[in-house]
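Naming follows writing order (A, B, C and D), and every chain is counted from residue 1.
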């Protein structure tokens, strides 16, 4: 929608601004048309014929752009915030979100996804609250923080994925003498846009019992055994009842897939490309109703086939290094770097050729996306291009 | 996010604008904090603590406002467009959309819903195309247009509801000597926001066979018999295979509910308030994956209990008159008037007390909403207040 | 399992009887083997190797056989029972069930299905009860009985299909001066075998209000409008909330399919063969959790392709006449005749070539089966042979 | 159905036998009634009023009885069969099934469940085949056999549960110098009754590659990581893609539940009673479409509350000893003993009070049942009596 040539009085009262333009598919620009457009503005109306190219494109053209955030910069600014910004009721969390450069400065990594670095100083607590937004934490480095979900303390360590379905009470506390950083992923932009958010403050302080720092949470003791569900649990609510997916399992699953491929069996997504999806053990479905999370391992010296998908993703490099291509943009990436892949932009990655001093040379990528929204509503589409090699 | 007091060089490069403010829950405003915020801007980062009130409110606070559009104004401007704006390839449809006054002048009745008046002149055709956006037509007055969906001509008459699931080819033609207006409802804003849209042009002209004007479409002959499904049809794709829900059925269903109530039986939603939901006969679910559509009848002199729901609705008065209240706003409404109910705003309606010259005095309201999105993602909440009477 | 050559003492104590036989795939008959078999018998054990051919055949070999019951015989015996057998508490219903000749004289039309003629004399009531067995009534001739389900009186007329999901209270009363007969279909054998049955007596007499004889039941007024569901009803329990599927709708749906075929469009199952499935309007699924019901119309002079399916069916000729073939058996059939089609037996039908005095000459067949059981458990298979014409 | 007083000519032709009896709820015994019954017999008809007590009881009254089979007897007879009965094509498996004493000597542990001991001699192979019957193996003692499912060798060791969904190719081979016994559970009786069985012979010999004896199967390497699903696998068919549930996981899950209880948290089914259900990691549902499998641990000196359920179960004592009560029958049980619990019979267990030489004193019970059939068809009911302690 263009913004010009309107009568001053209308400008004062209507947010709608219409400009008659001489172009193919558009009506002839005449005084009568101008008058009609002023009528539309006055009545808060907008014709389809001036908007259709933007609203109904041949395929998704994202308002977001591919963008990369460097972990070392994030880490540095988060540490500085650790010095300057207290954590407490009101601000709630020392979380600093990625703002896609073409989304108007809003803290939206993509139109539907929130990704932030969160930082907690030694001994600090983040107060308890709950919200309908679905969330997870993923740890690229460090350890020492316990997230307390429904009074169950859950350790966070490098490589762990920790989902937390909406409307569960949660707090965090750093039980060590070191600060810790991790990333938070949420569906904040999606719920902002659909306007479904509820939020409640919880207790200001967690109890001593919740300061115990077990290596396994109660949720893992109930739900963390492969293929086994506790009979006592019945049918849990939406979102995974398992609050931690440990790196040792994820790593082993990825290694198993590549080993199966090497033995001549199925298992990888494509040659040299292993991937696991974090799933709800009670349903086998995505770990959260609106968020998908996966870990990908691209073997040393491998290039993946470009894939387009409806919906957007955020990736974080967990280990290794390589080159990532999103649409027309390429970056060299290394541990901790985060990048956004907008809807329908082709995405591929090439891992660096291995060097002998690495245990594997593989590039490990953590990914999260809004795919469950698209699948639930039958709006998902995927297009895989032929592997260029 | 506030917009001020930033260094000129940053302003030139970053869409992010952060202002340190002295307020409860906010960090102390110091030069160091200002420097930190400049660092955030430079790295395209936004802290949660400046945004949480907007993004994570205690309950949905819609960016949209309640708003009413008068049918006589819409009808008049659409007729004028009929004179000035041709229908053809490129513009595709002579559709004029409602723009919620607080959504930046965009043609969004609510953050997720599109509602437009469409107008077709005698003998005119709207060319064939298809798109992933789910759509329906609802006819508040007139007749004479056939919508041709998958080459099946479907008559449109007052009171008819005509769904058309995404990715079906469709065209319209006016087979009569009179212009005709109706409303289109689509999930254009939702798919715009989630960026899942595909669009394709179809044939420029429909065939003579499709210009036949049967009173019942093929879809109705297959799927329009209550409780009966054609064995040949297997499992249809997403969205209803039934392309027309005729007023005679809707009217009778509503009358039956009020009659049952009068006889002392269950059937109405609340006293004097009948409602039917248009459903997919193949699944019993909502008629479209992202859109719910219902017809409500409020008996003469009845006031409904205020209801809040996550998600938004657009209503059109089909018959009768009364007073509608959305949040703090009330309007007197009559046939054809359209209004938007934003998320979590309490909504109630009072029908005018009957006068003897009316056959029923009831207020008939057509409603559509984004409820299936919320239910599929487990984000739906409803709160009914005690009936004030 | 054969029955011989066992020691007398074992015979007295064990129902297991094993005979060592000299045959391919069987162990050598030796005294040691005989002693082993006596040990099995004593310990209530049966080896797989003597049973596998019976229990694990290459494809289903039904214990049931194809069989035909003539309506005029059923009608005559039911009328005689009307004279001799009162209806009341204890016997509950004057229902006379088909007993497949190879199922040991039990009242099982097939291993899973019950089919019976029920007969009610003028003014008679069948007392209220409820049971977990799912049931329906289908009327091949006559009228005058109301079935009262959950206190809702439902008229029964020629061509009507009346489902009644398990655990609903129900009674019947004949409101006219004529006796009436109809067929009952239930999953009695299936629930007998799986042992899931519950039963409760209800009131001995229905109230005067339930003796009212409306032409439409309350269930039809709520659920009988195509594609419309009452918003007040929420999510009904298992089984259709619609208690009557009227012949006028079924007949029209079948006629529509044949007319579409004649016009060159899809709609029939195969050439000249229309079919509708009675479905639950709340879910689109089968009308009852364990029973599928359909009406088929085979145009005059048409022969259907032989079809094999896992699971069994019972058919009743509703109108017309023709020749039915099940496996190696063929019968000429006419109105009211009932026949059983066992699992995996090929089934086809040829309608009589039309004569000028008939309005259509078509053969109308009502069918019910246990297909929902097989589909729910993923045990369904279908094999259609090439149409022999 | 009673069997007497019928005319000789009818007796010769009809399996139906009806006897008019003087009893409440039965019609008066008259010559006319006798004649009517003879007519029923001739036409293969059976009236409901003579059958209703058997077919429609107030609650399930199982044709099966509670029964116990001692493991030492089974083991001894199976070993003897190992000497006398070869394993090969035709007989297919050296499996010896439990025959419930009141089910006519058929190899049915309950009306729907098959349970057998299978025995394989050193170096022996059981040939490849597949069938629609769903199956599992459970190992109460020993090791050394690999089951080869879809060419994937799966080790079998004490405590392991190995499901194998219908229609998968499978063979077994004993790779050691010791014989091995285990139990097979299948839905053979259910599929026999519903007549849905298909069976095919596979290769006579497995390949050398399949004789490799890995400690983890390929299925475990793909699907055996808690909460992680391989992205490459898409949506697997019915039944679990995970072919082994290892004892170390099951044991730990049960220990965790009891430890949580001891710490004051939820986790057990009731006091001192832990239970896990083997589930399909792709869906969270039961491991097989028709079979549920669980492991229960009853802490030393604990008595469980009596539970009635629709559907039947077979249990095997995995470890410990105690007293089991089914209906009016009680047994002392110890490792390996198997027993059948018919539908709606109250079941409870008391574990032996611990002695110091045991590592836990707990009673571990493996259980399988037909519960998924009942849940899929909405026929499940459960009744828990107040804990008598």
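Brief remarks follow.
Just so we're on the same page, a contact is a pair of C-beta atoms (placed from the backbone, for glycine too) under 8 Å apart; a residue touches a chain by one contact, two chains touch by 3 or more.
Owing to the predicted nature of the structure, the values given are computational and were not obtained by experimental measurement.
With chains reduced to the mean position of their C-alpha atoms, the one farthest from subunit A is C. Centroids of subunit C and subunit D (each the mean of its C-alpha atoms) stand 29 Å apart. Centre-to-centre separation of subunit A and subunit C, using mean CA positions: 53 Å.
Look at where the CA atoms of subunit B average out and do the same for subunit C: the two points lie 45 Å apart. Shared interface positions of subunit A, i.e. residues touching 2 or more other chains, are not present. Contacts between chains close into a ring here, every chain touching precisely two others. Taken pair by pair, the chains that touch are A-B, A-D, B-C, C-D.
Contacts from subunit D toward subunit A in the complex involve residues 218, 221-232, 240, 242, 245, 249-250, 252-253, 256-257, 259-260, 265-269, 275-285, 287, 294. Contacts from subunit A toward subunit B in the complex involve residues 1, 14-17, 24-28, 30, 32-33, 36, 39-40, 43-49, 51-52, 55-63, 67, 69, 73-74, 77, 80-81, 83-86, 88-107, 111-112, 116, 131-133, 166, 188, 190-200, 237-238, 289-290, 310-312, 342-344, 370, 372-374, 376-379, 381.
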